[in-house]
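In what follows, structures are represented as structure tokens.
Okay, so subunit A shows up in both of these, paired with subunit B first and subunit C after.
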Partner chain A sequence: MPTEHSQMTDLASLIQRIFNRPSGVMTRDARNTATPVIETRVSACRMCGNKAWCTVIVTIQDGVVVKVEGDPSNPISQGKLCSRGQAAIFNLYNPYRVKAPMRRTNPRKGLDQDPGWVEISWEEALSTVAEKLRKIRMNDPRKFAHMWGFGGDWWIVQHEAFLPAFGTPNLLRSHGVLCPVHYGCSLVQGTMLDKQDVEYCQYLVTIGGSLGPNIGSTHSTRALSNARERGIKLVVVDPRCSHEASIAHEWIPIRPGTDLAFVLALLNVIINENGIFDERFMKLRTNAVYLIGEDGYYAKDSATGKPLIWDPVDGIAKTFDDATIKDYALEGRYQVAGRTLPTAFTLVKEAVRQYTPEWAESITTVPAATTRRIAREFVEAAHIGETITLDGVVFPFRPALVKGERGSLGKWGGAYEHLLHKMLNMLVGSLDVPGGDLGSETGPALKPGPDGVVMPKKEAVPVPFKYPPDIDLAQFYPNRHTLPHMAWKVVLDPAKYNIPYDLEALMIYGGNPITNNSNPDEAVAALCKIPFIVNIAYIYDEAAQLSDILLPEPALLERYGIQEVGTGHFVQAQDANMLQITGVLARVPVVPKQFQTRQADDIYLELAERIGFLYGEGGLNDHLNRFWKLQGPHMLDLDKRYSTAEILDRALKSKFGVENGIDYFHDAGIYYKMRSKAEAYNSFYYPEGTTRYAFYFEHLLRTGDMLRQNLSEHNLTIPGQDMAKVWGFYQPIPRWVGRPDAAACDEYDLFAMNWSTPQFRMHNSDQTGNPLLNELADETDPYQFVILMNRETAACKGLQDGDEVRVEAYWGGCTEGVLRVTSLLHPDALGVPGNHGFKSSFRNPATRKGPHFNSLLNSAEGTFDPLHGGIDRNPRVKVSRVGGKTA
Partner chain B sequence: MIGSSAEVRAQSQSRAAVYGFLAWLFLKLPDVDFVARLLANDVQDSLQLFSSDSESASRMIDGLNGMRLSLVDGVPGTLEDMCLALAVEHTRFLRGVGRAYGPPPPYESLYRSSEAGEDNSFLLQLTEFYHHAQAAILSESAERVDYLGIELDLMRLLCDEESRATGRGDTIQAAHFSRLQQHFLHEHLLAWAPRYCESFISQTAAGFYRGVVQLVLGFLEAEAAMGDRHSDDSQVLKDSTGQVFEE
Partner chain C sequence: MRYAMVIDLTKCVGCNACAVACKQENATPPGVLWSKVLLYETGNYPEARLRFLPMLCMHCQVAPCLEVCPTGATFRAEGGLVLVDDDKCVACRYCIMACPYEARSYNSTRPHAYYTNLGLTEYEQMGYQQHPKGSIEKCTFCVHRLREGKEPACVVTCPSQARIFGDLDDPKSEVAKLVASGRAHARLEEQGTKPSVFYIDQEE
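For the complex of A and B:
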């Protein structure tokens, strides 16, 4: 009988016959004897998907990250860091990351299909991708589209440079259909976003969103908390009693999806019932005094082409900038060259007269008396006529504002609602002044056009028409935020949408168009149809599951990044510190890469070189020079290959004036300057007499008419749309547009609604798979991962807390979950929080718990806002116990 | 009882070979040469000749047989086809695509924490140990220090070093590397890898990597048993090092 030892020796011999490779990956290295070192490094956070300007201190012990905490030297975050940021360790040490390039071996695609991933070398991966894209570029570059999401933000080789250098117009965004919150501020204030000056604000009505606390925004929460201590009166209009509502002076529960009616009624009460508002502001700072022709456009002086106003003192029409104007007529109709011309204000006043608080109550359930009281309080709190002096500059002091967010703005009718919020704030004169509603970027934002009104910027500038359109049909929806849902329809049926080619390749970075969008099944079908998908991936999410090649990217703490301070999302409530700081955040890797990953920017550079469009005029380097506005010695040589770090260094030095470039950020996460308080307000740059806000939206009318003309020239209508309804959205005065699901059967008796939660704000960084964040959510928030219903509503339906329920939307979308009954929800609402319940069976199970709200969202034409493209967020639904009858 | 230095050296070399093989299976994809050798008739004959009363050796033989049979009974086609199938299996079972897709990937932190990745103190412990052992991961291998393939390869390295030290008569160094092995084996590998293997075996049907994991489990059981005896001997080593290793 052989001994165990001899058996082992025999086995070893056998193994050596099968396998005879002496070397491994571990080696002796006498230098590797360093005593354990504890060091701290500074980095910039982006665990939230926001651009929240947080820097972090990373404690690294012996090469292992052991703590991520707030950076006290950052004047914005002031040493605080939200739970997502502190959970960044798991972003690094997540065992479910994509760890090496992967190639799909199963040609069948679907969420029920195993991709059959095999690990491949970077060389094979890049050469495969480059070869595919090179052929497409030679043949028809439009057949390549690129999709990015918030997971791909903070990059250095931007898609704005990569795509034009490649030659395709087809840029898609996986996000955005639920968050088009840009149109109103782009049109009125010339900025991409707006923010709230809670340093001075005293009365703040927030509708369908969060000023910071609901989403765990560290510094906005601080700013709002301080404002609350100072005595700001906060009124929260929301179907749900949120964190913010719980600390507000007043929570006004409203039926989901109806807040447009509420703000129309507010406007009507202020203008028609009370007649008290900031008349000076309306006359001198808005186009409300412009005379309007029969066609809805500004009546213009025939000699100069300038808009006309009526001077009631001299009794004649004058151009808006006439130096002899003694006063402006705000209301009335006036005879000018044989025509009777009303002022814009008059048209608005007459148009909104129908929106009485009683009418609104029948839609919103908000009592008419409440609407009247809020309208009165809002105007009273605005201190109309008062001024404040900051740094020697005298400003109007208007500490009252109405603020909307995704819940109210990013949906059917949301573009109009955004404009209405601006109109309300104009009535109290609180745009871009202390205490008011501020544009996100400062400086030239309020620059007027030739008509004297703030030139539309950002998303209010229509996408130039062309035919055939791009695959997201941007030319048919020229003020859209994003239209991934249209791209999927086009991919599935290009002929129907006038697209004369099939998409042959899609590159995805940082986005999941399946779970973060409406109608996931449609997105899946479209992605399955695209012959080649390459995905710069961090985890194996649903989009990865349908891809052909995965290119793994490093974790947050392993990669470079850059973000300008001052722009960006989710820093809504701002205090003086936040308003005054300008600068830039940059991130350098603080730990070596753990796996075989490459920074996305390096991948883009490498592909551009391999495909053949990195160098020369019109190449990627050239576009990067333009994108980053690189100047002088910092410009990229058009024929030289640069690394990501080198490009970042040049961008920092050239665009942001960071003297030491990237080296500066080895010891600091943020480079900033403090400006004066006055410089934080755009009315400093464009004071009274230099520009006017649009109260009457002639530009919108013009955009619609241009679209109508362009379509007509090609004998087109927008496929799938009822054009009469579309034109109803291109009117110069916002109006009630009804509900897109008005025809749904009565059994769909509730309105679904959704909100972000502090732990799972966005879905980059695999937040939903992060065990630390899951543990925190489980322990602190009983309203996550469940479906919420008003207690009395549930009782009427015979449903109980803990029931497994199925939610079906009127159009067929559905999800399931556990019911939680609560008194903190409007009786007609059905709350489905967060973005959970992901689809792929290959995901970390932590990401599959809870219901998936987006599955309830329709993407059909006629159900999303044709102006900004926002999906209706409040579809009518019915609820039934799983396995039982409809409740 | 530990025998002559030649025996000690042979034993270290054998162990290094097995550890190296197992590490390779976790760190690399099987190639055509390997598959061809595994399928060779003489290997089949050798495996059939093995019989053992030892549970661990039996498990190892079962593992090797399982690996071989998965190729014989599995995907028909060329050696290249077999390699591709193994590459898919490698990703599925070892690379942490998702918990529902395969067993949790073989990272010590994952198996020793209550939640995935929650406790990275094991990464710290391992890094400190690698420093202590003057061991480093070659830069071209981008893997975490707590990956099973890395830990197995560290044992390969330590066994190799013990063998070399023994070969040149450096009993102090040989003992040093032996102690390092025992420490690492008990403080790390045996603290989680058998649990991983058992979990893997219970969650998967027959297949190449199920065989691999059986092989690992059997080998670690044998190592544990030998370590227990070794720990008795190690006192002897400390007391009479020169005598034991004197040739």
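For the complex of A and C:
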């Protein structure tokens, strides 16, 4: 055996030959002495649905991308990159891509039909589409609908400009019914989402969501890692012991789909049992002190129309903004002009008294003692009364918060639950202050209305009523997140839903409404019925299989894109850097296109020109000027044709103030500034005394009454809905709404649940077909591609690990897969992770393995939340063995 | 000089960003993972927890793989690294059998394509030239990066900042301090392999 010494003598030549390549660069055949041409470029990542602000360094060797890694110059991702982002190489080099425009030759549609694709020229493809759409636009533009998904994000020519210029109101989203996580923050904080200040937070309760680690988020994982080192206490309420629960101080297992009862009990304990909370916040920063009339609306001063409060010192009612107020009565009933008026707080307090921890335990299985302890710890951790000074500005310091996400909010009663999370955070005074629950957008989000309360914004602004409604019935569900499930019902039976026309054409970009929503069969039937579907497609997915024309789009690294930074969208736990940053990401192509693809934005511009609505007032250029707020020399000439790159350049210069526009992004991925620390908190813009959060949701009551009146004027009810149940959701105080499947028999004894994983998150960019991500999941994660059941539960059912099982949902739908028994799951839960088990035989076979959770979901009226439109993510199911080890 | 890595299991969240960084940096073919984080569970409901076990070559100072190598292909390199000279490797696989950490894998002469039956992608065609002949390969601590003064790819990308790299012989280094303090421990110490990878364990 050679000695170590003799090996060392070979080292110099060996290192030279094998190991002396620059990092990120591949060594050609060791005997090939040609020097490779190597360049590095900057791009922005989009390998997950997160608008995640990660920029990447791309190493290109002799024209081939050989590495995608984190960008050290980005203060958010700090040179790090998650597994999905690094797997972007296979987003580029993917033989399953659509490589040229395609025309369907088989008129029969279905997932069992070969479309008979024939390659056509771009000219033929575009003229075919333009001709179809031009006729529809002349006849009745409503008969054209557009659907987008997360794969089609980062647009430059936005659908918000294309559709109004075309003249159709029918904008659909392929996704969203599983993640209605916007209503609560839209109503309370005036923002599209919320984010968690882990720079300062010390006690964080997550309910059905992730702060970052469960999905391997690059920056939120880092932020939380630092917070944990600092000593943050994490409490994870989840039927599954997730990645995050496993590193948390405490995992509280809960029966799936019952979190609403848990948070109602928390609220009750804090208000009624303990009576300790941030009284100053409640009096000065919420509408809890407003007096409420018999009709549920604010009692108002007859002279000014302003809401009234009770001043206990002077013993009289005053308008909420009266300068002479000496104190506010938070509780009690007061005589005002012959009426006995309770405070909003009193009504809430009385309403939630019934929700005892013992009552909740019978629903959630969370021990009453645990609920009481969490309620106490939560308030104790909030440092009520303390302040912190940031950049010379004094803020309340409230390092405690409750955070929910789609696991708890995506269900019947989920909108109420979101409001309850906000109410809990109000009780400790932690909304929009250091350590607390922050609205995602920074700036004037907390601007109050005339009643002194934060004006509802984003999805809490009701869709204006009109009749007939749009194809997704948005006017019947005015606070909906998305309603693709309703659109399919309408397409299949327009008369039932009062829609006086048939959809004649649908354009899809970046979305798969079949695999990413409930009732895949219903979506398939609807898509088969639509006479003409054009699809800007990256792969041959299920939606592509039902389309008539495919227009291929470039891969991530081949295309342009733009994304605002600092709006917090889909970014969970945030540290100071993330809170303070403001700016924009833009992507320019870093490699030439491999195939005959065209950037989607170019397609929209081209179609608009061919159909005849690109130019002039009200045309696409005009709408683009408005959408991007283009000013002065950056405004588009209404009668000139621009390229996508030119429009991107102008948007960067005009809206974001990037002096060099697109040129800046040839060398950098992110353009940013840092706000001061103080400016990162919305309470900086609206400090105490300038606005109030809704603790009592008069706006919800008003929205319901307006809807009731509008429906009654047209002599309507919402088709398919039990209206008594619907009105139960438009109440000013969140309440227990039960489960929609209360009538289910005992046979359906488990509740299905689903989660994203670090390798598969939001299913854009063909993650499920990505071979690197599949390999990782296969090799390292035994909880992927399987159906998970608690070990004891499986034993009771006579099931074993490895059995092939069939899962049937009470509301219909089923899926099959291999059983994995685990101790990481609540005994009543059945886990089906990720989004796998796809149906199309034309896509990467890797995407077909495993069970398909969404096949268990149903969107029948009466089963989804009529406020935010989210469907129940925890359907009751039964499990039976169809094969495997058990004798 | 002795290169060493400390992996903080109180920080690791099992996201496997490190594994993809390694795959790209070293262009390893399908089925070959020089670095990976295995997920497993401990305990019974409701005390059960998901656990993460990052695996890679330990660059042992007493390396069983080196001892059994009949051709001298496995050798000791600078900074205590254990490397393989694939020109000398005859793929006898003795080292695979000898390694108690299962850190080694066989790279086929003709690697499978990631997209089964569809041929190698351009990336694979270029990358697999790094592995010119069927041989046994494993983590090199990214020696080519070390020589440029860069840390291994897995260390750089870790979102949780769970990996710390440095010189164990330098008492001022973070790794030396963590090992000296007793917080970081090697795995299978009883086998006397003296690994250069250490773990900070979670409290159970």
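Criterion: the second predicted complex is superposed on the first by the 844 of 887 C-alpha atoms of A that agree within 3 Å, B and C clash if a C-alpha of one lies under 4 Å from a C-alpha of the other, contacts with A are read in each partner's own complex, and residues count from 1 in each chain.
Please note the rule applied: contacts are C-beta pairs under 8 Å (C-beta built on N, C-alpha and C of every residue); 3 or more make two chains touch, one makes a residue touch a chain.
For clarity, every value in this text was computed on a predicted model and none was experimentally measured.
Within the superposed three-chain model, A:D62 lies in touch with subunit B and with subunit C [touch as defined at top].
When the two complexes are overlaid on their common chain A, residue A:L824 makes contact with subunit C while staying clear of subunit B. Contacts of A:K655 after superposition on the shared chain: neither subunit B nor subunit C is touched. When the shared chain is aligned, subunit C comes close enough to touch A:E779, but subunit B does not.
Of the two partner chains placed around the shared chain by superposition, neither subunit B nor subunit C is touched by A:R610.
In the superposition on chain A, A:K135 contacts neither subunit B nor subunit C. After overlaying the two complexes on the shared chain, residue contacts for A:R881 are found with neither subunit B nor subunit C.
In the superposition on chain A, A:T105 makes contact with subunit B only, while subunit C stays out of contact range. Between subunit B and subunit C, C contacts the larger number of subunit A residues. Shared-chain residue A:S841: touches subunit B; no touch with subunit C. In the superposition on the C-alpha atoms of chain A, the part of subunit A touched by subunit B in one complex and by subunit C in the other spans residues 1-2, 4, 7-8, 10-11, 14-15, 18-19, 21-22, 24, 26-32, 61-62, 64-66, 89-90, 93-96, 771-772, 775, 844-845. Those residues of subunit A that touch subunit B in the complex are listed here as 1-2, 4-5, 7-19, 21-22, 24-36, 61-66, 89-90, 93-97, 99-100, 102, 105, 114, 116-119, 540, 593-597, 771-772, 775, 840-845.
The touching residues of subunit C, when paired with subunit A in their complex, are 10-11, 13-17, 19-21, 23-25, 27, 30-31, 33, 36-41, 43-46, 48-52, 66-67, 69-70, 72, 75-78, 83, 85-87, 114-116, 118-119, 121-127, 129-130, 132, 140, 142-145, 147-148, 150, 153, 156-162, 202.
Listed in rising order, the residues of subunit B touching subunit A in the complex are 10-11, 13-15, 17-18, 20-21, 23-24, 27, 29, 34, 37-38, 42-43, 46-47, 50, 52-54, 56-57, 60-61, 64, 84, 87-88, 90-92, 95-101, 104-105, 107, 109-110, 115-118, 120, 123-124, 127-128, 130-132, 134-138, 140-144, 149-150, 153-154, 156-157, 161, 222, 225-226.
Across the complex, subunit C is touched by residues 1-2, 4, 6-8, 10-11, 14-15, 18-24, 26-32, 61-62, 64-70, 79-83, 86-87, 89-90, 92-96, 213, 216-219, 221-222, 225-226, 228-229, 241-247, 251, 253, 758-759, 771-773, 775-776, 779-783, 790-792, 822-827, 844-845 of subunit A.
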